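Note that the chains are named A, B and C in the order they appear, and that numbering of residues resets to 1 at the start of each chain.
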Amino acid sequence: MDNRRDFLKKTALAGTALVAGGGLLESCKRGDSVRAGNSVGSSKLIVPKAAGVPITGTFLDEISHDIPHQNWGEAEWDRDFAYMKAVGIRDVIVIRCGYRKFLTYPSPYLLKKGCYMPSVDLVDMFCRLSDKYGMKFWFGLYDSGVRYPDGAAEDMENNKFVIEEAWEMYGRKYKSFSGWYLSKEFSRRRMGMIDAYHALGRQCKDISGGHPTFISPFIDGKKQVYKEKEVTVVEHERDWDEIFSGIHDVVDACAFQDGHVDYDELDMYLTVNKRLADKYGMQSWTNAETFDRDMPIRFLPIKFDKLRFKLEAAKRCGYDKAITFEFSHFMSPQSAYLQAGHLYDRYCEYFGI
Amino acid sequence: MDNRRDFLKKTALAGTALVAGGGLLESCKRGDSVRAGNSVGSSKLIVPKAAGVPITGTFLDEISHDIPHQNWGEAEWDRDFAYMKAVGIRDVIVIRCGYRKFLTYPSPYLLKKGCYMPSVDLVDMFCRLSDKYGMKFWFGLYDSGVRYPDGAAEDMENNKFVIEEAWEMYGRKYKSFSGWYLSKEFSRRRMGMIDAYHALGRQCKDISGGHPTFISPFIDGKKQVYKEKEVTVVEHERDWDEIFSGIHDVVDACAFQDGHVDYDELDMYLTVNKRLADKYGMQSWTNAETFDRDMPIRFLPIKFDKLRFKLEAAKRCGYDKAITFEFSHFMSPQSAYLQAGHLYDRYCEYFGI
Amino acid sequence: MDNRRDFLKKTALAGTALVAGGGLLESCKRGDSVRAGNSVGSSKLIVPKAAGVPITGTFLDEISHDIPHQNWGEAEWDRDFAYMKAVGIRDVIVIRCGYRKFLTYPSPYLLKKGCYMPSVDLVDMFCRLSDKYGMKFWFGLYDSGVRYPDGAAEDMENNKFVIEEAWEMYGRKYKSFSGWYLSKEFSRRRMGMIDAYHALGRQCKDISGGHPTFISPFIDGKKQVYKEKEVTVVEHERDWDEIFSGIHDVVDACAFQDGHVDYDELDMYLTVNKRLADKYGMQSWTNAETFDRDMPIRFLPIKFDKLRFKLEAAKRCGYDKAITFEFSHFMSPQSAYLQAGHLYDRYCEYFGI
């Protein structure tokens, strides 16, 4: 009888029979076709559909920095890759392979330095799943948690070993290993930063036979909580002109985070960022954040229309590639934040998926 | 096999077969009878049942101000109206039709001023659902995000157009369109406020042939984070006597928020508020907040007993109508906050629903 | 059709048929065997299994202090006890029977003093469920919310009555009533604290024929937000030597909270704490917190590996008993925080449950 009550209570969380009967990927595929069919019928959009840049890449937030961990095992990750695939994601980027003492993989070098042994080799798992689902896997470098310029040497030294390990342990082995993410998030030119990015990018490309590299910095805008001072777009352009000038030969793409400025300012920044990237022959992507920076809870999934505004702004400004931070917490149907599953639905509805 | 594990893991989140087989409303109705039947059997209440004022109205938190968005589509909203109906809610109030640049409906006037186009006409959807479920729909005015007295003129000017649009677009069309909510939340008398409320209330009533209007202010109590100073109940009564005196001919009801003072002080404030309303021939409702102001996470659903204390205090003080902020996040069985569904159950148990 | 969409959307939240068909406890038992079988197959652990101290006790967070309430009724609590049992928990500890005006049980003494009447007698319910599931129930004393030394007398006076009530109302009646938890959480020696602990411990033991008592203090470490100053381990040992010296004849065990110091410092503190307890013939348990203190949301479930680090540190330092704060929010498959269910799975996987 108690269970009968539950039956009724959680109708919105339901879902068994179809899934139970089939394999994961098949049920996801079926799910999406069913989902799309229904979505079209169920909401009345008053804006043009698919007018934004679609999201084709996502970070994998391991090691988690300020987003609570979901404690997924391989079964959940496998299912999440299926959900990603169904929605058009083809690139997955481990945001950092380690942060301070926490690691995603059993790095011989970092373990000797006192880092903690992880219970699962997440990099190996992500590579296997990327192979299985035909994704491109990007490896995010280690973050020592130091500040530049003082910590630059330490960061460089650590990553010298990490890059080598990553290539030997995963790069040579997995077909899906496709590129490198230089994980340090800068907002402006700092002493030592250009040299560091350049040296790391160079090493990544050399060891891997030229695999692409990218960065995903943030703009020191009004929503950046820890900012030293809010920059003007002029300062922003001047700083990044100098940075791109110094790194463009070893960094292939730049995906600025789109959440630190107001929706109104986004066209301006997107335009400047693309102009700079074009000038130096780099690709310009947008990192369309799927969490909401405007709420007191830090952080839950973004309101769909805000995401739409940002993807449409990117389209207007000539972008053709969007990645996001990140699918699994903020957009996945199996996220612990149930708003994420609804964002997934709204996204599918809008893009006709 | 993986799915089999999930079967067991999430027993509390289960629920499919009954719902899948029937229409939404029917399954909700059935659900509630089943729910009630079980609830009676499963918990041992040691207090008298239904000793509080029942909640018969709820805000619809669009545009969301500090509560993260659930990203529901029309299917989820339709289901939520069914859940509301089942629990006795008859009034739904859009808390504001717009806030700064974010809109619930495609306002020709506000879009021209630079507001963002929403992907769905939520006001239209809420009116349709209100018609479908026999609810009374209340339209909340636009909030320019300005501070009084400086911004009063801007707020007034914008709403002059918004009220006209709302009436033309929805008021004339939908049977459920029943009243107006003057959405600016004041705590005390401010320069310009009485004039503003009076003008807006007057316009709302004139255009709609006298549809009722109401306000839902807060008390500058100890839990009001942004307070300038905590008021005494004497100051509170003096301020609101002056305000009611100035607006009572065009504002039909006042529903003070009940969450800013301690549970101990509530009888005192409820008594004063009702005395004032009675004096001016206004109706006195209580806005029984269903989120918890006492926790570090801002905000999750309230503990049932706290809600009960507040509804019982209202009953003791002679109130007969309670609305809430708000059902869909904090009390709905399909809320992303699962505590809300359990609050729904506790509420049904207590009121014998 | 709408429901069909939901079927697919929430695959991770599914789970009905097996549970619906059987009793709660049976389905949990079956669930765990299925769970374990699958877990072994589905994740690839690269660390030795079960190398940490298993958790065999949990607090019951009623009255909730800074963790939002789940609004569970008896059905949910019954199910949670089944989940606890399945994972090896044998001790349940009501963290406090009352806090300021909020009560878990209808205390004649405290109600007369103005506390609020609870709608359910939670202590009675927890005792009944403990009897049903073969758990040991521990009763947590009342917290007046006062600061020591000024409030010590008030706290002592109140608890003098509360201990008597608890023993008369529940201790004599329920087989599961097994011990007492002295609920005041201290970090260091404070004036009046030793006398208070001693007097309360003495009374608890005397009235109940020697039932065991324990405390669960915190370390004034770097993660203690409200600390006056961060203590060194030397100061910590000196303070607690004095405290244990004064209370060891009436306090049987001490379970320091393990979340206020860094993972690196834990061995040091665990060693010191055990040395002290051994010196005074007390038992040394660890309170392995299952919420994450490193995240901006206060608080969500901890990342499994962090919990593992702490349980393994306890094992290394010679501990054999771990309790947690707390199962129902942070580790239960039916928690409103879905990360908790996944933590449960990871925990089962690691311990081969």
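By our rule, a contact is a pair of C-beta atoms (placed from the backbone, for glycine too) under 8 Å apart; a residue touches a chain by one contact, two chains touch by 3 or more.
Predicted, not measured: the structure shown is a model, and the values here were computed from it.
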item	value
Interface sides of chain A and chain B: same vs different residues, half threshold	different
Cα-superposition angle relating the copies chain C and chain A, to nearest 5°	120
Averaged-CA centre spacing for the pair chain B and chain A, given as whole angstrom	36
Contacts with two or more other chains, residues of chain C listed in rising order	2-5, 7, 11-17, 19-20, 38-39, 42, 75, 79, 297, 338, 345
For the chain B and chain A complex, residues of the former touching the latter	2-5, 7, 11-20, 27-28, 30-32, 34-35, 37-39, 41-42, 64, 66-76, 79, 101-102, 106, 114, 116-121, 124-125, 297-299, 333-336, 338, 341, 344-345
Chain C contact footprint on chain B (complex, rising order)	1-17, 19-20, 24, 38-39, 42-47, 75, 78-79, 263-264, 292, 295-297, 300-305, 308-309, 337-339, 342-343, 345-346, 349-350
